[in-house]
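The data blocks that follow each hold one structure.
Below, chain A partners chain B and then partners chain C, in two separate complexes.
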Partner chain A sequence: MDARKICILGDFAVGKTSLARRFVHQQFSDKYLTTVGVKVDTKAVELGAGRALKLAIWDIAGTDTPTELLLRYTRGAAGFLLVADATRAETLDCCAELRDAVLDRLGPLPHILLINKCDLEAQRELTAAALPSPLDTALARFDTSALTGAKVETAFTALARAMLESAP
Partner chain B sequence: MAADFSPSRPADAQPTDKGPTRERNGCPSESDESAFERLKGLLLGDQPKRVADLEQRLADPARRAQDLAQVLPEAVRASGAADQRLADALARPVDACIQRSVSQDPQRLADALFPVMGPAIRRAIGESLKGLVQSINQAVEHSLSPRGFRWRLEAWRSGSTFAEVVLKHTLVYRVEAAYLIHNETGLLIDHVVAATDTTLKDEDAVSAMLTAIQDFVQDSFSAEGAPLESVEIGQRLLWLLRGPAATLACVIIGLPPHSLRTDLAAVLLEVHATLAAPLAGFRGDKSALMAAHPLLEQCLALEYREDAVPERQTTWWPWGLALLLLLLLAGTGWMAWQHWDWQQRLSRARAELADTPGLALLHWAPARRIDVELLADPLSSAVSGPARQRVSDETIRSRLRIRTRPYVSADPPIVLERARRQLRPPPGVTLDLDGGLLRVSGRAPSDWVERLRRSPLPPAGAEGLDLSALEPELKDQSDLAERVRAALQPPEGVRVTLDGTNVQLRGAAPQAWIMRVAERLMPLRELTGCTDRGLVATEALRARQLVAELQGLRLYFSEGIEPTPDFAARLQRAAGWMRELADLRDALPGLWTRIVVVGRSDGLGDPRRNLWLRGERASFAVARWRELGVPGTLLSAEAAPDSESSGMASRKDRRVEIRVELTLPAPRGCNPPS
Partner chain C sequence: MSLPPRLGRWLRRRLVQRARPCLIRVDREGRLLGMDGDCAHYGLDGLPAWADVTPYLPLLVGLDLNESGAGDPSRDVESVAGSMLWPMVEIAGGRHADLLLEADGDVTLMLLTDADDAHARQALPQQHANERALLTRRLQRALEELKAARSELEARNRMLESLNDAKGRFIAGLSHELRTPLTAVLGHAGLLRDQLEAAPVRGAASPSMDASRESLDAIQSGAEHLLSLVGNVLDHASIETGQLVMNPAPLSLAQLCVDLRGLFEREARRRGMTFRVRADRLPPRIETDATRLRQVIINLVNNALKYAGTGVVELKLDWREGRLVVAVADRGPGVPLSQRERILRPFERADTSSGEGKAGSVGLGLAISAELVRRLGGEIQIDDHPGGGALFSFSIAAPVSQGPVAPAGTAGVASATESVHLLMVDDAPEIRILYTSLLGRAGFSVRAVRDAEAALAALAGRRPGIIIVDLNLCDADGAELVRRFRAQGFAGKILGWSASALRADRERMLGAGADRYLVKPVPAAELRDALRELFVAP
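The block that comes next holds the complex of A and B.
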């Protein structure tokens, strides 16, 4: 089975690790454990028509500014997920900054924007109308919840499909 | 070059009728132009077009570059074969190109040179390791272990150096798994596993994490070009060999030699050489890199097990060597024990001689013959036997060579023997040495005792004789007592006993008899002494009685110096005692006495009168006793210094009393017969 490396990027505590855990292990824990460096998981996704892809998911420690180590971790990625926190509007700016740095280093890559923690509707600050235009470069945007699992599988599968289709 | 010479029109063709038109008016008309063109066409065919094409190709750099590219390889090859001019010409530009390339991206050149530099570096390392191998060779060369002998034999048989064989046998390892990881993506390209317990749950995750760790290490330590090379996981080692495009990660158990890394590097090198293009374009499609699998399997073949090299034909070596060592050890032990035992026997024999009474060891030199020099008392043989016989060990005794010199020994057994020979004590007499004193005890005939006492010379080695415990035999004793009694003729009241040869006298006897005791015992020379502490002179006894009587006497006065009616009788009685006491002075020479008459008074009246009365009363009594024949020199009057009574008129206080001062002669003792 072919494999692809994808990265999950975003600000601190936006739920990157929870999303990866939900996607890979179908589990969720509300205990916050900050990621040190990077954590890698793999999962095979079925894309229909007999196609499958094994995703090596690099859950990279949250940061509000792109560092050299972060960019080194993203090297060789076939796509990436940008994760913002629906309850913190400023995390979207961080996504834009990270996206610019990664695309600048790696060239055009398929990426998807995830607005996570959408289950916290009462505290929601980010709405579709509030999204800035620079993030329109994302192939898609999903309102996800690692808690409920909403749109998590869809988002990863969409990125896998996009990577497969964008391959030369 | 092919040229188109199609003869559509002959070269020598004449001009057409329209030709003169140009010459007529000096300016060619359109018809002239076309005619000229036709003429050119007739004369030159398509040459002008071809020239134009050539000009266009020369003027167009792209076309010219294409043309040059077609002929350049052949031209370079031809020039290189002809001479060195092209190489000279290209040297400087190529040098500049390389420098520029290195300055822009050193990694690219490093990647390009990796297949070349790898073997070169390995060769250089191999050369340097030779020195290490030689030093190890020297270090273990002198090994004498059975295994060392076995390996030496193997080196001799195989033609290898001993150090190589040692290294081969001491390094036990096995490559259990090999993972080929794409550097850029961290994705696992392929992997092979030999041992099932080394199988990882998620090889892709592990490979990605290894890549992340390498990235982290390089970023943290700024160690570009010095990546993580080795990780220890329990008993296993994870070796990471990083190539330009892929990393080879090998799980190894045991102690791998450094040469294993060289072998693994060769595998990685081959992977890069074989799969350079697929590796460069790898994005996760593993199908293009299937060829890596057989190469990875080469890694698993790299193992060594010590038990895989049986050496049955040489197993007698350790046993033979052990037996030899055992025999050597036993022989050494036996010799050591023999030596120790001989030394013990020598010490024992030496002590036997040295401890023998009458012998003093001067020199002891044990060798094949044992030379001994002794000081020997003549009596030693009699006491302890011959010196040689004192040594109980027959072997040593047979090797003794003894020289003796005479001397006088003070050893107690010798001194006693000397005393026995000198004194010849009769049976019943015991000789004993107490310190330096020769004690003679027991009962012996009186003449032997007498002789010994007359000349008490101790034998050599003894400081003196103690004869206090020596007694004459009982028969002599009873005879002696009789003779003592006969000689003394003791008066009644005197008890004579014999304590051995010592006379003891007790009881009371006249002083005249006591004075003659020593004289009477003089003939009895067996006597050693006389004790008369219990003997008292009858005169002394009488004197003490008289003193007691006198001091108990009281003569009373009525008042003044008038005596009471019983005064005279008491005075008479006391006068008799006093005269007797005065006579005893003659019978007992040395007896001295003084009678002090003390006058006393009651406490009534004037003290001065009382004092006068006390003196007068004493003087009155003294005068009366003188009148009654008591020697005046014996008497003295004295007034008591103070009245005993305190204001009470008592007859008893008005008295005269007597104080007698008596000194008896010291006992003279019955001197032992000289």
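The block that comes next holds the complex of A and C.
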């Protein structure tokens, strides 16, 4: 089975680890535990028509600005997920910065924007209407919830499919 | 640092024990060439030679092992040439390792060293730092929301203040427009009644005179009722807008009793009832807002007469240790316990109200009375009257007045004031005629003029002892006229009056130099008292 490395990038506490955990283990915990360094997990994704892809998912410690260490972690990635927190509008700016730095380092790569914590409707700051255009390089944008699982599987699968289709 | 060989060997052993290194050599396809060190610590022991290590080390997915270090920009930072460090990578079993990759010809070397301790040391401070940042961010957001809410509240407050001002102006206007003609109607009806009573006995007994008295009764009763309703609505609005102010002044309790008897004895007789006043241990004068105290008592007695419908209504005044105790008792149906608190609220009436009581009331009188008593320093109590009926009572702060004691009785007033010349400035002819007549009977010499120009001309002639000035004149602002009187050296007393009970109007008049301010309609007795006090005051 083909394997691809993907990275989950975003500001701290946007729910990157929760998204990975929901996708890989179908679990969720509302206790916030900071990621230090990087966590690597794997999961195979069925893409239909007999196609499948094994994802090596790099859940990288959150940061609001791209650092050299973060860029080093992304080496070898075939795509990435940018995660913003629906209840913190400024985390979207952070996604744009990280996206620019990664593309600058690794060249054009498929990437998808996730607006996470969409279950917290009352506290929501990021709405579809409020999203700025600088992130329109993303292949897609999904409103996700690691708590409910909404659109999580969809987002990972979409990225997997995009990576397969963009493979040389 | 230079160490002796034995210490050097010991240190090397110690560092190796702590780092638990594991060296893996793979070819360019990721096949295992060899392993050395503490491979079991990383779950990599037992891998067969030539096995693909990627399933065991998924962090190698995507990594091109054919890449040389020379073309990789990452190798220029934090790495020696041809190698790369990934620190603190979580691998199988939740362990953390630092991974150093180094190309060596066709072979790639992977050195894993334990990072569990380092991870544990960093995790907690990082967790705290992130949580602090989140809290700070939430705090900032809460502050921004509070700031926005405050701005919105301030804007709403400004709008409400503006509306309140408009309401105040409306109240003042309405007050003036309604009270002034009612004052005239009531005053002139009183004058007519006095003339009827003074008529020869033979004429007074004639049928036409009886009919005239009945007509006067109807005029006075209707006007008083209308004035009471208007007064209640305006008072309620004044209380709500914070415009109601109390004006403590010396009050003769004996005179108050006389006035109340005069006011209610005839009304009680008309209803086939009896009104009694009992006064015990009263000092000659107390300090309180006479107008408001009188208003409360009149309201309670009126209620008793209306709702009891039969028997005796008794007003009892007592003075104990600096407080005036007032009680109004009737023999009516009483007020059920469950309704006693409710009927003191605006627009509420007792369920037992019926007939005249319900038809002639909007349910404001008791609420206003309760608020006035509260501002006078007391609280209205509602109890059962022993033997049946209701007992409304309250006590208010009523210090004995230390002010000058004026001559008592009408004769005294007349003799004390007969030489006092009054100048009255009021643009309402009916008011001028009414009060000229009333004050003339009280012994004052009155000159009444309609506007500021005439008033200033009058001042140049015979110097008055007291000037009465209406706040709203046709050609000038009354407060401004007072200021001009003072500027021209008038040192006598000035009594300002108006139909407006607004605090702002009162303060404007007093601020301009008036000595007293009264709200029209001013009962004749109250006006005589006020003028008498001004006359004897230093």
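Keep this in mind: the second predicted complex is superposed on the first by the 168 of 168 C-alpha atoms of A that agree within 3 Å, B and C clash if a C-alpha of one lies under 4 Å from a C-alpha of the other, contacts with A are read in each partner's own complex, and residues count from 1 in each chain.
Note that in this section a residue touches a chain if its C-beta (ideal position, glycine included) is under 8 Å from a C-beta of that chain, and two chains touch if they have at least 3 such contacts.
Every value quoted in this text rests on a predicted model; they were computed, and no experiment measured them.
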### Query
So if we stack both complexes on chain A, do chain B and chain C clash, or do they fit?
clash
### Message
In the overlaid three-chain picture, which partner chain does A:Leu69 touch, first (chain B) or second (chain C), both, or neither?
### Response
both
### Message
Let me test your reading of the model: by the given contact rule, A:Phe28 touches which partner, first (chain B), second (chain C), both or neither?
### Response
neither
## Note on the structure
Per residue count on chain A, the busier partner among chain B and chain C is C
### Task
Give one of first, second, both or neither to describe whether A:Val40 is in contact with chain B, with chain C, with both, or with none.
both
### Query
Which holds for A:Ala78: it touches chain B only (first), chain C only (second), both, or neither?
both
### Message
In the overlaid three-chain picture, which partner chain does A:Lys5 touch, first (chain B) or second (chain C), both, or neither?
### Response
both
### Query
When the two structures are overlaid on chain A, which partner does A:Ala56 contact: first (chain B), second (chain C), both, or neither?
both
### Query
Which partner does A:Arg105 reach: the first (chain B), the second (chain C), both, or neither?
second
### Message
Can you check which stretch of chain C gets into chain B in the overlay, out of 37-45, 325-333 or 487-495?
### Response
37-45
### Query
In the superposed view, which residues of chain A touch chain B and also chain C?
3-5, 37-42, 54, 56, 58, 68-69, 72-73, 75-78
## Note on the structure
Listed in rising order, chain A residues that touch chain C in their complex are 3-5, 12-13, 32-34, 36-42, 54, 56, 58, 61-62, 68-69, 71-73, 75-78, 88, 105
### Task
Could you please specify the touching residues of chain A with respect to chain B in the complex?
1-5, 37-42, 53-54, 56, 58, 68-69, 72-73, 75-78, 167
### Partner chain A, residues of chain B touching it in the complex
182-188, 202, 204-205, 208-209, 212, 215-216, 218-219, 283-287
### Summary
In their shared complex, chain A is touched by residues of chain C numbered 54, 58-59, 61-64, 72-74, 77-78, 84-91, 96, 115, 119, 122-123, 126-127, 130-131, 133-134, 137
